[in-house]
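Chain IDs A, B, C and D follow the sequence of writing; residue 1 opens each chain.
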């Protein structure tokens, strides 16, 4: 039987993501789909529904942030060390609309000591960039996977 | 019959908020309540539900952001000049849990030319601070209220 | 003879500021003046010189940031616990010019565990706001004052 | 004689950088060196002097910011459209010391309408990352080069 220590970095990242996904009611409830994960990286997608929009069918910025925040969480938790968000920022570049399929792709910019920086590009189904998100993470005590 | 021009700043802020609220499916759908509005200020509250949490009953950061983002939007749209979010940041201070009643109170830090800065403190029902949000706004063409 | 433990919060803040000031070549070299300090607060001023400007006599944003960053450092180090900057942001509101006397006033927004948030307003000699700065601090090991 | 319109994007970027450099007292006064420029990109270096440090020979964060801010300004002004900084953030990753030769490398993340996002990595002479900077720019009226 394989133990956590014997896993490759990629297999460890995938096992961490499965563990997080099972816990993450919020992301599942919003219809997010986990597309890919790798050490320091994660991609998720989500379709903008009626309930996420205002009267002009424009997506509330909070849902764009939430998708990116989930991608950030998956990306920074790929090392089996429990890691939390400390500070996040988002810049809105173009509006998203009801029915759009958004994708958030997170990549690691820096990881040193307990701190990390992750950049998440949010694009729509046409490949147009909707927003750019930067997350600052901090490791806390505990592992994601059972020993 | 009163016209937009004849309204006091407070009455104008309230009229803008009513107009925005009617359009804002997303905030209503999340069970947000608009507590107060004034020129450059707005307070909203929201209860953290099961669907907003992960397996440890901790609120997903995206919903804390979304509540603050709504308070920001209401606060910067109190002058009957359509105003959008450009860039927002959030710092997480303490976790929120299922059943918590969060309040986001937005105040204006700066407004000059087309740009504005708004700070939003997010607290729970015990008055403990959960997060601090800063929003940068930009006015666009158009009014909120019909002439 | 008074010991560190016997100092009032205000006296402790002032003792910390004196200790930091003696070490701070950079702030002194730029001609900064420490106007006031209190627990979680500090105000500094600086005059914009020729060397800080570009060809249009406009101040380089880096010097506006540097003044605010010094005020931030003094404000978050008023508790005799060595504290460093982690993440800072600045929004430019109006330009500053050669000969302007800028003031940076730092106040504490939040302090919990090892983390703190400080807001610094930068104004000119006419009281006009030039920039708004937010600093995130983290305590590290060690005290500022000898036991 | 070549006109602005006839320049290649690379030649235009270089001409803009020369024009900015001649105006930029502040960057020159700090001993910065412009290493390279391309459309949306710029690299500058600077040596940390005694005057930039505190009593522990650690570089004041303001000078790290200033170097990055200059790289940001050169990168976003490579299209012969006058462009200014609106909002910048910096995350400190490791300390810099007196005598270190820092390099700031700016690249364009997004440019749409009047707004742009630029990321600047600051490294030392050993290639270690010292800080990560993100700048948000906005175009204003006017060109850098004479018609």
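The definition used in the following text is that contacts are C-beta pairs under 8 Å (C-beta built on N, C-alpha and C of every residue); 3 or more make two chains touch, one makes a residue touch a chain.
This is a predicted model, so every value here is computed, not measured.
State the pair with the higher C-beta contact count; candidates are A-D and C-D.
C-D
Measuring between Cα centroids, which chain is at the maximum distance from subunit D?
Checked the centroid distances; the maximum from subunit D is B.
Measure off the straight-line distance from the CA centroid of subunit B to the CA centroid of subunit D, and report it in whole Å.
35
Between subunit C and subunit D, tell me the centre distance in angstrom, where each centre is the average of that chain's C-alpha atoms.
24
Please report how many Å separate the Cα centroid of subunit A from that of subunit D, as a whole number.
Measuring from centre to centre gives 30 Å for this pair.
Could you list the positions in subunit A whose residues touch two or more of the other chains?
As it turns out, subunit A has residues touching two or more other chains at 86-87, 89, 91, 115, 136.
Which residues of subunit C touch subunit B once you look at their complex with the stated criterion?
Touch list, subunit C to subunit B: 89, 91, 93-94, 109-110, 112, 115, 117, 119, 129, 132, 134, 136.
In the complex, go through subunit B and note every residue touching subunit D.
86-87, 89, 115, 136
Would you tell me which residues of subunit B are touching subunit A in their complex?
For subunit B paired with subunit A, touching residues are 22-27, 29, 50-56, 59-63, 65-67, 69-70, 84-92.
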